[in-house]
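First chain written, first letter: the chains are A, B, C, D and E, and each begins at residue 1.
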Amino acid sequence: MIEALRKKAEELLRSNTVDVIYGYGEGSTPERTRPVFITKPEDVNKLIWNKYCVYNLTTYLKRQESRKLGKPAIVVKGCDAKTIVVLIKESQIKREDVYILGVTCNGVGEPLATKCKACDVNTPRIYDDLIGEKIENKEIPFDERYAELDEYEKLSEKEKWDFWQKQFAKCIKCYACSSICPLCFCDRCIVDKNQPQWIDPSAHPRGNLSWNVTRAYHLAGRCINCEECQRVCPADIPLNLLNKKLAKETEKNFNYRSGYNIDDELAMATYKEDDNQDFIK
Amino acid sequence: MGKKIGVFVCHCGTNISATVDVEKVAEETKKNNPGVSYTTTYKYMCSDPGQKLLRDKIKEEGLTGVVIAACSPKMHEHTFRNAAIKSGLNPYHVEISNIREQCSWVHPDKPVGTEKSTDLVRMMTEKVRKDKSLKPIKVHVTKRALIIGGGIAGIQAALDIADGGHEVIMVEREASIGGHMAQLSETFPTLDCSQCIMTPKMVEAAQHDNITMHTWSEIESITGYLGNFDVKIRKKARSVDLDLCTGCSSCWQVCPCKKIKSEFDMGLANRTAIYIPFPQAIPSKPVIDRENCILFKDARKKNIKPNDSKVCRKCIDACPIAPVKAIDYNQEDEIIDVKVGAIIVATGFRELEDGLYGEYGGGKYEDVITGMQFERLASASGPTDGKIKRPSDGKEPEIVVFIQCVGSRDPSKGCSYCSKTCCMYTAKHTMLYKHKVHHGHAFVFYIDIRCAGKGYEEFSQRAIEEEGATYLRGRVSRVYKKGDKLIVLGADTLTGSVVEIEADMVVLASAMKAQDDAEQFAQKLSIQYDKDKFFSEMHPKLKPVESSSAGIFLAGTCQGPKDIPETVAQAGAAASKVLALLSSDELEREPVVARVDRQLPPVFSTCIGCFYCQKVCPYSAIESEDIKARDGSVIKTVARVNEGLCQGCGLCAATCRSKSIELDGFNDEQIYAEINAVEFN
Amino acid sequence: MQIKEKTRIGYYPGCAITMGSSSEEYGTSVLRVAEAIGPELEEIHDWNCCGASSAHATNHKLSTALSIRNISLAEQSGFKEILAPCPMCSQRLIISQKDVADDEELKKDVEDAIEMPCNGDVKILNYLELIKNYCMDEIAEKRKKTPKDLKIASYYGCLLLRPPKVLQFDDPENPTSMEEIVEATGAISVDWELKTNCCGGGFTLSRTDIVLKLTNDILECAVDAGADAIAVACPMCHANLDMRQKKIEKEYNRKFNIPIVYISELIGLALDLGPISLGLNKHFIDTESVVNAFA
Amino acid sequence: MEKTLKKENFNSLITGLKDQGYRTIAPKKDNNLVTLDEVQSADEIHLDHVQTNNSIKEYFLPKTEKILSYTLEKNKVSIEEPEGFAVKSVVFGSRPCDAASLPIMDKVFNWDCSDKFWVERREAITIVTIACDKCDNYCFCTSVGLAPDSKEGSDVLLTKISDDEYLVETVTEKGEGLIKGLETVFSDPVAGTPDRQVASVEKKFEIDKIKPWLDENFAHKIWAEFSMKCISCGACTFVCPTCHCFDIVDECTMSKGDRVKNWDGCQFKMFTLHTSGHNPRSTQDQRWRQRIMHKFKYYVEKFDNILCVGCGRCSRVCPADMNISEMLEIIATEENQKE
Amino acid sequence: MAEETKFEPKIVAFLCNWCTYAGADLAGTGRNQYQANVRVIKLPCTGGIDPLFLIKAFERGADGILVSGCHPGDCHYNSGNYHARRRWNVFRPLLEFCGINPERIQFSWISAAEGGKWVETINGVVDTVRALGPFEGYQKINTIGPDASSESSQT
């Protein structure tokens, strides 16, 4: 798999179809990989592929520093590829501006990331080239995909509140979650707007609650469940639960799954006459 | 900049002061609310002396913000803002606290009412501290009006506007203007012939130098906004050059295809392939029906240019115009671009298609005709030159049965409304029939006779008493052919008996329906329509001729069934609205519009260009704008609001995740200040 | 839609056309045709009155329970469809099904009354529907006799078509299904006006004068249109047109003598089944001319 | 004379401290996160870890702290200073690198004005450090002049001599006082020299080579290459024991409000954004250079201390695996020195 | 203020200007009274109500929030209420998931002609929230957390 990836990368760089390859390289420890940016064909052997490549490299599409390197080819797993679909639909990139190097994947992370347990994108649904032979994408039923939430949804209102207050208390407002998220691409995020200061910047319980709720809500109908926010959180807060809950509601109410279809309308940018309204008196 | 805010608490006679201690509210506000420099109370703030007090205090105290604690903003926000303008204060620094409808009138307990009023006033003083001056948006007005539809409504409106000194573009789908009124014989209640009263108006419209008429044309698309509509008109190919043709009729006399059903005569007569719809047609220049003309059929079959076909060509040969013939087979559709300031929609109605009524023979029996067909029979320029003859064998009918409410007031047939004109025109039909067939007898089956207009009741009584029509109150269950007679089975509920009439002819007073393409047309103009596809007026009582979109007005039956007097009245009303609109060079619009953040380089704007705002905007008022560097390269693509189109709903502001787009008058700081001022803890 | 293999359909004769009843010839002819060209009919065990007669006028719940009981019986014996040749029965069954579906409370009462569940997804077919769904090809293939210019006026009456919102069968104003079947038997369909007019129906005893007037119009119109016989698919229509014909002729001193045949009998003749076995000998107006046309 | 502390006496140590009014803070494990947290009993203490996730800084410069609160009347403001923020406590089980950060930070917090929030807490909190008996390859304390058992900043140093016994060495009078107050808890050492189990941290680079290179290479291309993968979050600066930048913001309703001091970090892209819109450090390579320069050049020039204790937290927590010791190794390698 | 015996809930209502605000006015002209716990904030359309406003209202001490606007199809701006409904469909379960009782945020459609319904709705909201009691959870976190160093991760 790694030889094929390196050969393809070299070929792309030599033929000038792309100017840079966003790929995975050796990390500080064997269990870690880190993003590498290959611009010269002879450096391609820095590229590796193993089960520790959890990183969602599409986040570098939003950063000016990496974009200055020119047209990228991105090594993407199935889940990462969904990000590109959303970025295109939200006019952040054009399809022709990025060369998608899809990699078939049977799950990453040691222990296996929760998203990989119910993965239906072993083969990316959008790519220019595919490394590794195609794996038939499974059809995972709705309940199985959101099974992780059941345990939390069953809690009583008080238990839920206490659980989340305990989690949010740990937040130190380092914003690693929104910095890593490829879909949090606002230059001036709402939390940075201080006239008026909608979200208190301090890391006290009130500020943490309004930050975490707003961050999750702003990803409603957009998050593609790559679980990077949860991985990078230094305080180890299960952030992806909030996004997954919103994804579940979006799919249940609007039959919309983010990142699967490049043509349908973005869930929160449209409406249907018969949207659910049983909670409205 | 610290604001100097004046707070004026109104007694409203005793409406407020009965359950709210207005003095205490004023005093508390002066004591506690930051920025408040002057407070007073007054018996009637909205009265002249009240407004004078406001104007004087603004000047004397040098107030830069005003809060009026009185009745609902829906009542006098405008009044107080005008008072502010008169004393040099930008009106958008004036806010209203609703302490009457939403406090004093609904909370009898005085202390509770007083405390709540103080809160409501505080919320507004806080909001005023964040108010910004807003200048009304000036929108350029194109001094030209567009009239869609050439019936009596369209003609009347066009004449009124043209006489008002403004340019008018009229677009009519058919080959001639005139609409349905031209098809009528005499009109109620005066029985004067429709051609006589309408043709002069049609000629006047044709010759009016302010009116440009496009017949045989349709609206391709309309974009833009109040004062600045960009209209694309598709002039369908007539195959006749209007300038050259003199209307001498040589061509349509030699045309061999004579078997085409004339739409104008509602299928009771035939017309040629090259034809004018009716003798008094304006323009009285023919059009070639490319569907049925054998030359065009041949060209289509051989897939060649029409002019290259050698089949027939009788009309072009007969055309006396030289050196260039007035007929041109290769004429193409033409798209014309026009900019107009206002639009009047007068697209008229369609008669209920007869196939819908299986019980009455459903279009099977030739002698069961609709009201409009009877009009053609009775019309002097009609297929029978005004004589009442049965379409099947041309015999003069001895007994004619008129059936009212065919389609109307019948939810199972899809229109539950009353078509308003049938009672009157059926009474007229019985009179016309009796005048022309003295020994004939007319029966009318009706549910209720609705003749509410001026002189209408007398008219229908005349049909019964003087003309001797027999009115039977009841529905007709079935009409079937027996020999050459039509058996009409009905009930006469007044005598409680079943009635069976052997009639020679049956006339159905068919319902007035919306045009077939009304829905697509409404979507093209983005105006709203009701369940029956008639266009919806802005407000049934107070704004009957305005549509839901600013700058687009309605006239005539396209807005709902109505008779000619009402249509002409509406046309005049719509025209007067347009004249008011076109009277000023610029139009002032409420400046409550959205605005996308703009900053100095290198930031330029906090907008990231995800365009959610564009996707949700109901008025497509948001465009994309490329911010370019000096060398022309695009730095970033951001959103921009078209102030003309934006109606100030705030949808974009609530959808924008980074809050880079805000609604003036309800911007972030103002809403935040209001929530902050609620001050529960 | 043609279903090749023999499908089992529940057969609900009802009081009017079962063996030994006044219009048994309709029942027997239906069974004879079914035996010849299918589909396989199986009488619903222990069926009871469908509640059409006076019941539905006097006691709505009783008539609904009577109908639903038949449907539940059919459901329990596994039928997906029930044939009710007599339109009074088919209309009553369909309307009961709809009433129970719309009214939860009624459904509970009915289920308590008949001590059987009714989930009501069994389809009720009238005879024309059955023939059109299952037998059009069979008639064409197995037809042995072609009548010599036998002109037939198809008469639908009311219960086959009305109330249109509930029955949803053919075009209530201008139906054509019976004409298609008549043409399939080789006869010629006549276009006439009063094929959906009421024949006076239930007033046959209480207001015979009205029945005579209405039926006279129908007969007159059929004869004027040149019909040799009138085809019907309802025992009530047959009774009023056939049994009353002599009295009408006396009342309006007109000679009709036009035979009234059931559509099933017509099909039977086309399949060369014996006229006696089809019950053609049990009519008031002699059906000789029709039988001969098939000779 | 040295003393030893047996593991089974931990409980009595804590109860003893509680009696003397101390609040005890020790490493605690909460699913896979070890953090310095208040403990009530010994069994909550978790010791077999390399490094706690949060640093000791949190108890001297908290992530958010009210520095004053005020109530507003129309034309009067009344201010109220917070008290009782310096709670008498003992940090039990901090690591030598964490402890060493305190004296370094004392310098900046007593520079042009002495920050009472820092100073009062420093007095109120006694540091009982446990020398590291194991490390991972993120640790590089030896490369910045420290050691797994260095004493800087600690009041008492415990060194593991057997599975359930620690050698006690008092460093400061404060530590002396603490130990004296709890005689019974400690026991006399067994004869013979105890073998101190101390991790061996391999030296990664020569610290003296760093500053001279930094003085010359402000515009070197390594800054951009190395920081390309950085996502400008604030995690490294917030977990770093020696990063001390903070921001002050007023959080208020209409009638009252609080002035709050919050952590801030130079890696955020908004950190140096001017109101005019100009941003002197708008790209990540400038910010990454600032982080290294501040720690290994500017602070050294100003306070003659390296602003880094080699704890390796920033590398462990970095989402993009930006390893600071790797960067310093690159700087210190020969071929870079030549350029 | 004297220690009130009965807990009086504090309700913030975000109303759309064209329908519900006018409905409330109509209730006023009709003089049908209702409990005074509500403070109304007027906005052009429910489509212009951002979920952030709701969080800020809770932070400022609201015990319950009512958001109300035109019935679907009546919106003065065609589709404002449709978009709003879509937002609430996801925001409400999110708050519920975080342990906020969904009864504390009520949504309703009230037209300009439904003064009666406005009175019913408001009384309903006030009674429901009174039954729920003060929003302790949020009030506890509305004070600035005690300085973090003493308990960095409260249990």
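Simple rule for what comes next: contacts are C-beta pairs under 8 Å (C-beta built on N, C-alpha and C of every residue); 3 or more make two chains touch, one makes a residue touch a chain.
The structure displayed is predicted, hence computed values, not measured ones.
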Between A-E and B-C, the pair with more C-beta contacts
A-E
Which chain wins if you rank chains by how close their C-alpha centre is to the centre of all protein C-alpha atoms?
E
In angstrom, rounded to a whole number, how far apart do the mean CA points of subunit A and subunit D lie?
32
In whole angstrom, how far does the Cα centroid of subunit D sit from the Cα centroid of subunit E?
45
Taking the mean of the CA coordinates per chain, how far is subunit C from subunit E in Å?
64
Could you state the distance in Å from the CA-based centre of subunit A to that of subunit B?
49
Residue numbers of subunit B (touch at least two other chains):
603, 616, 655, 659, 672, 676, 679, 681
In subunit A, which residues are in touch with two or more of the other chains?
188, 190, 198, 200, 202-204, 268, 270
Please output the residue numbers of subunit D that touch at least 2 other chains, ranges allowed.
54, 63-64, 251, 253, 260
Taking the complex as given, what residues does subunit A use to touch subunit D?
27-29, 32-37, 55, 59-60, 63-66, 69, 172-176, 178-180, 188, 192, 194, 197, 200-204, 207, 228, 231-232, 234-236
Residue numbers on subunit C that touch subunit B, as the complex places them
171-174, 193-194, 197, 221, 224
Residues on subunit B engaged by subunit D in the complex (per definition of touch)
31-34, 122, 126, 599-603, 676-677, 679, 681
Spell out the part of subunit A that touches subunit E in their complex, as residue ranges.
152-153, 157-166, 169-170, 190, 198-200, 202-206, 209-210, 213-214, 216-217, 220-221, 241-242, 245-246, 249-250, 253-254, 267-268, 270-273, 275-277, 279-281
Quick check: in the complex, which residue numbers of subunit E touch subunit B?
10, 12, 21-22, 24-25, 27-29, 31-34, 36, 39-45, 47-50, 53, 56-57, 60-63, 76-80, 83-84, 87, 119, 139, 142
